[in-house]
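Each of the two complexes below includes chain A, the first together with chain B, the second together with chain C.
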Partner chain A sequence: MNNEINSTPEFESSPDTEYPPLEGPRFTCALGSAIGTVLAIDRAIPILHAGSGCGFANLFGYQYGAGIQGVGYVGGCATPSCNLSQDEVVFGGESRLKEQIENTFEIIDGDLYVVLNGCVPGLIGDDVQAVVKDVKSKFDYPLIHADTSGFKGDSYVGYEETLLAIVDQLLPEKATKKKGLVNIFGVVPFQNIFWKGDLQEIKRILTKLGLEVNIIFGDPEGLKTVERIPEAEYNLVFSPWVGRKVVEKLEEKYNTPYLTFTHLPIGGQDTTAFIESVVEKLDVSAETLDRVIQEESRDFYDDVDNASDFMIFAFPTLPFAVVGDTTYALGHTRFLANELGFIPSLVIITDNPPLEVRKTIEEKLADVDSPFKPKVVYQQDSYEIKQLVDKEQIAVLLASSKEKHYALEKGLLYLSISFPAFDRVILRKTYTGYKGGTSFIEDLCALCAGPF
Partner chain B sequence: MKKRKEIAIYGKGGIGKSTTTSNISAALSDEGYTVMQIGCDPKSDSTNTLTNGKSIPTVLETLRNGRNVGLEDMIHEGFNGILCVEAGGPEPGVGCAGRGIITAVEFLKQKFVFEEYSPDVVLYDVLGDVVCGGFAMPIREGVASQVYTVSSADFMALYAANNLFKGIKKYSNNGGALFSGIIANSINLPIQKRILEDFSLQTKSTIAEFVPRSLTVTRSELGGKTTIESDPDSEQAGVYRKLAKHIIKNDNEYVPSPLEGDELKIWAESWSDKLLEQKETEHDLECVVPGAE
Partner chain C sequence: MSKKLNKDKKWRINLDEPAPLPKEQLWNSTKTFYGKASEILEKSRKHELQQDQDRIFRQNAMCPNFTSVLRLMTIRDGITISHAPVGCAGYLNAQPQLFQGIPKELGRPELDFHWLTSNLRENDVIFGGSEKLGKTIKLADERYKPRSIFVLASCVSGIIGDDLEGLVREIQPDTKATIVPIHCEGTRSRIWQSGYDSVWHGVLKYLVREPKKTQEDLVNIPASFSLTWIDRQELTRLLAKLGLRPNFVPELATTEQLEILAEAAVTAPVCGSLGNYLGYGLEQEFDVPFFNYPPPFGLHNTESWLRKIAEFTGKENEVEKLIEEERAAIEPKLEALRKEFKGDEATVLDWGGQARGLGLPLLTHELGLDVKGIGMYEYDEVIPEAVEELIEKVGDFDVVVADMQPYELEQIFIKHKPDVYTTCPFTGGHFKRAHTAGVRHHSFRGDPTPNSPQYGYIGLITYGNFLLRAHKHHTLNKTLGTHVRQPYKEKIYRQHSPFVKKEEKGKITSLAKEEGK
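The block that comes next holds the complex of A and B.
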């Protein structure tokens, strides 16, 4: 067993500038993620200025890849799209976009309309911003534009570009702060396959502390949550790098400070540590904090206690590997090692975090309460990931459904926890927080429960 | 069945490639060849002097306007029965002109235009900066087989020619068109001739013809005609006839050696020094009025 952290990444490219050729990438393009980001805001309407097929490719490849999540109000077939073809490529697509926006206003009832352009307008140079400005001057609808040419980057770029467009084009210049209000960022809808449940569990816990939590995505208040963004006392980011540009922009524009968490906490220890660090910055009484921790911990450890009969019998102290984005890979590794006593063998981080945050990630993984420290590898290539997993002596694999078949062939206990997860349906399921910890234990035990 | 000669003529915008191409077409048609000229430039005026100065509907415009379009809607007979085609393209500043050329040329091939009309010679008149893949379409496999470039002795024209050489070199490995010569245009001064001769030496290319700048051409064009049509007995018409004869017979096809990196700039600077020296010793730089015969 390797007791040291391998701090040498497999490749050291910056996600901002380079995209190495990959086999089986586990993210979508900037456009795909932007569509998901807009759809995750209730009654927000994406208007695709993109080639025919971009929307559907992302429905099948991205939203279905996130636990077969359905189309919602205006996803899938209902998403307005210019369906650009050769005609627009040659002659430009600006008049087509104008027509599409106006038609969308006429037939789709929404609270916010977001024009998202794909690769074609990005390549031929359609002046999308000018079209949007022109239409806006004639109609009284909230309409913005995010340049999400697919080639601009991956899911994380699309998420950030959409939010930056909202901050720049929709939100007012000034806002009055509301004490105790926090926004949640860094949880990318669909790329984080449990996004809805994760956000709701974070909201549940922080609300219990007396805070007002603005999760934006998956909240039925839709546009109101977006408009509330500038009022926050703090922004909380659940990734060491995804969403950073957004909170920096909000700090610059509204002077809103932010707190960064390397991962979404799972179970008693990390969730308690998380709320304690939030309380250091926000006004929550010591009594409330103690009460929340006690109540939540009591329920959670009661569940652990009840599960332990089965766990000791079925799989005591197994070596495991985790493959996923920083936010899930860290959470699961720490939970399995710290709370369930499993042996952390290998962590493969698949979101290509910038070099400057990797040390922090590695420290969080070195900090596990186990005599065994996991090997940490940054890798996005599915073939390379298989090779790495194959080399490890493990019994449990938490990964994406890309790894499922060979995990089962090898006789591993396997569970999809990261994108893509085509092998499960995810609605409000979460492995985040106290309740997520319980939920994760249930799903883990179900992998080898009877009938005997 | 006689082999069809398919030639692409490239040149920087405004260098005289459409004038030259149309005069070659006119001269070849006078010799009895069936000629098709395809303008591959979104401004769609390649064949104007073959159609009495009138613009013809372009392939892309015709395709855009109706589904049931016939070839006769986009192939128009001009002077001496020359088959005139304009690829067309978007308005300046929008869309993708390169994709437009690809679309138009692919459409003509799909519709077996060349088989249907069986021209002896097809001349593609292409905007020559080769700024993207679309403008390189005519030199890819299965379109033109020979390429000429129209160039003056100006640096930017030679720069464009050098870029074309790079394109030819790239596609030559995949069955693309090969180079057959530089058509040196607007050459009135000995120094201009020497610059072009040196450029062809440096790039291991050949010169098809030296064409002087001429008021006859300007006069003819203003009248919406080629020099061959409007002033067939002029000296300039003779130059175009000689060039056309050379082109129809020339089977020399090769890959030129483009100057890479800073080589072109260094080469140009060496000529700049020579020009400065010459200015002090000779008068021929200033005694010839551009456009004078």
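The block that comes next holds the complex of A and C.
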């Protein structure tokens, strides 16, 4: 077992400038993620200025990859799309786009319309912004545009570009602050497979502290939540880097400060630490804080108590590995190592965080409450990931469904916790927070539960 | 490769070209029609089918690239490479889950699928992606030593002009696997089924070898991904009774199964829009006999399918015996089903690919259910006889050809209010608002459960029971119909005909009026 932290990134190429060929990458393109981001805002309608397959390929590859999440209100084949083909490649797609937007207004009932362009317009040079401006001058619908050509980047870029478009084109120049209101960023719908449940658990906990929590995605208030963004007293970002551009922009435009958390907390320890750090900045009475921590911890540790009969029997200090994006990789590694007695062996981080935040990530893994420190590797290539997992002496693997079958063949306990998860249906499930900690314990035990 | 230009063949495939013609040019395919079956028949005979350029509101569907991804993702000893930005082929990540549900006892082979992407980014669209693709191919070849590597072109690789053939010529000598470029650029065709042709074009051009001998008992079955594991077993069982063996391609096939396609006695597709190109190609280039209709759904069609195969394999006597035995075996079950449906004025609306569009109406008719309308994702001019035969047997019915356009389908739905409605769940969610028995159209490739078959004799009974249950009990649909929000504006909802067309916009006869006349 490896007992020292490997802090040298094994992903050698500079993450900002060079993108190597990849085997089975665990993210989608900018467009795919932008579609998911818009769909996650209630009654927001994506209008794709893209090929006919872009939405569909992302329904199958991205939304179904996030725990078979269904088409919902206007996803899947219901999503309006210009369905660009050879004609538009030759003659340009601007008139098609204009026609499509106008007819979408007429047919699809929405509160916010977001034109998202794919690779084709990016390559043939359509002036999408001009078309949007023109249509906008004639209709009274909220309409914005995000340039999300697939080749522009990955899931994280699509999420940020969509939010930046909202900030730039939809939100007013000035806003009155509302004390105690916080926005939540950094949880990318679908890329974070438990996005809805995660956001709702964060909202539940912070609401209990007396704060007003604007999660934007997965909130039935849709456009209203978007319009509330500038009023926030603080922005909370649950990633050392995803969403950073958005909160920086909001700081610049509205003077809203932001707090960054490396990961979504799981279980008692990290969740309590998280809310303690929130109340350092936001006005919550010590009394309320104590009450919330006490109530939540009592419930959570009661659950741990009840699970412990089985856990002590089934999980005798087992070594484990986690494969996933920064937020889930950190959250799970810390929860299993710090609270449940598992030994952290290997952490593979798959979202290619920029070099400047890697030290922060590694610190969070180096300070686990164990003499055994995990090996940390940044890797996006599925072949390399399998080689790394194969080498490790582990008993439990928390990863994506790409790892599932070889994990089971090796006799490992396996659970899908990161994208893609084609082997489970995720609706409001979360492993975040106190409730998520309980839920995770249940799912982990279910892998091998049985009578003694 | 021998080039036997068969003059009396209507459909000519040119393997000297890097890519096939798109379906709208090759088979005069359309995805824009609304009317009676008799009208589409007449129009297709007069070559008057329209393309969809005038559709002014569209919802997304598939594209040739995604179709090719679906077809090629499970070649057992092949690697799929997406020469594109990452989003095009993300579904390949589902590879490990596709067939793992099949118990080993049911014959699941060892599976080890992988895919790579050249991961095209901003720099690549400026400087070209060929070099990166070369690296990707090398990586795949070294890592897995596959028999074949399928390179899927994309909108981006097409528009930036990457020369796939040039690259293949350059690197094939140093690559162990056979590299097969597939020209399935998303913008190649408005009809995503063109991706099927692109796949077969690559297979015919790069993999199929000159036959050393004919394997008299081998039947090529280009199989759609809706052919479930139990369907495969049923078709295998029936062919085995005739002393024949199926060669199911491309799903879960080995590269060798593709290489020996020209050695088969006959090509017998289960779906025309999927199998035509391969069938005509094998016939034209290697004299492998081919028929494209019917698919083996329902009693009549299954038997016609078997008889056609028998005709090409000299099993005419055996097939009659087989049919007699199989009929006798299912007769009581079939009668029981017919009794259940009898007196029930249930109507069916059926929505799917061309094979089911033209196959299921007869199947349901055999069970005693009226088909009010069918929806097809695409219709081509290849099989007018099939439509004619269908009308003769079940009467005229409404046909809509629309590429998964759920808004258009809502209109059809409102008009017909069918009792039973069969659909693909991902086609935009209209089944949710149906307030009626909406059931899945078919299951998928890796489904090993007893409810999954639809083909052959077993499929007829299973699917019949499935429809019966759906017709009698549909609380999920009630739940959805009552509680699910719909995205279409109510004022618009009933105004247009299914297609919102340029020339008709604003002066469309409402469906309500149409119903009243």
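In this text, the second predicted complex is superposed on the first by the 445 of 452 C-alpha atoms of A that agree within 3 Å, B and C clash if a C-alpha of one lies under 4 Å from a C-alpha of the other, contacts with A are read in each partner's own complex, and residues count from 1 in each chain.
Just so we're on the same page, a residue touches a chain if its C-beta (ideal position, glycine included) is under 8 Å from a C-beta of that chain, and two chains touch if they have at least 3 such contacts.
This is a predicted model, so every value here is computed, not measured.
Trainee: In the three-chain superposition, say which chain, chain B or chain C, touches more residues of chain A.
Mentor: It is C that touches the greater number of chain A residues.
Trainee: Figure out whether A:Q69 sits in contact with chain B (first) or chain C (second), or with both, or with neither.
Mentor: Touch partners of A:Q69: none, neither chain B nor chain C.
Trainee: Per the contact definition in the header, classify A:T350: touching chain B only (first), chain C only (second), both, or neither.
Mentor: The answer is neither, since A:T350 touches no partner chain.
Trainee: Taking the superposition on A as described, I'd like to know which of chain B and chain C A:Q86 touches: first, second, both or neither.
Mentor: Both partners, chain B and chain C.
Trainee: Contacts for A:T225 in the overlay, against chain B (first) and chain C (second): which applies, first, second, both or neither?
Mentor: Neither: A:T225 stays clear of chain B and chain C.
Trainee: Would you sort A:D423 into first (chain B), second (chain C), both or neither based on which partner it touches?
Mentor: second
Trainee: Determine, under the contact definition given at the top, whether A:N214 touches first (chain B), second (chain C), both, or neither.
Mentor: Neither: A:N214 stays clear of chain B and chain C.
Trainee: A:D126 in the overlay: touching chain B, chain C, both, or neither? Say first, second, both or neither.
Mentor: First partner only.
Trainee: Taking the superposition as given, does A:T326 touch the first partner, chain B, the second, chain C, both, or neither?
Mentor: In the superposition, A:T326 touches no partner, neither chain B nor chain C.
Trainee: Once the two structures are superposed, pull the chain A residues common to the chain B and chain C interfaces.
Mentor: 86-89, 123-124.
Trainee: Considering only the defined contacts, which chain C positions touch chain A in the complex?
Mentor: Touch residues, chain C against chain A: 22, 53, 56-67, 69, 84-94, 96-97, 100, 111, 114-125, 132-133, 135-136, 139-140, 143, 154-156, 159-160, 186-190, 192, 403-407, 425-430, 485, 487-489, 492, 500.
Trainee: Could you please specify the touching residues of chain A with respect to chain B in the complex?
Mentor: It comes out as residues 86-94, 123-126.
Trainee: Using the touch definition up top, name the residues of chain A that touch chain C in the complex.
Mentor: 17, 19-32, 45, 48, 50-62, 64-65, 70-89, 99-100, 103-104, 106-110, 118-120, 122-124, 150-154, 382-383, 400-402, 404-405, 420, 422-423
Trainee: Show me the residue ranges of chain B that touch chain A in the complex, using the header's touch definition.
Mentor: 60, 64, 89-91, 94-97, 99-100, 103
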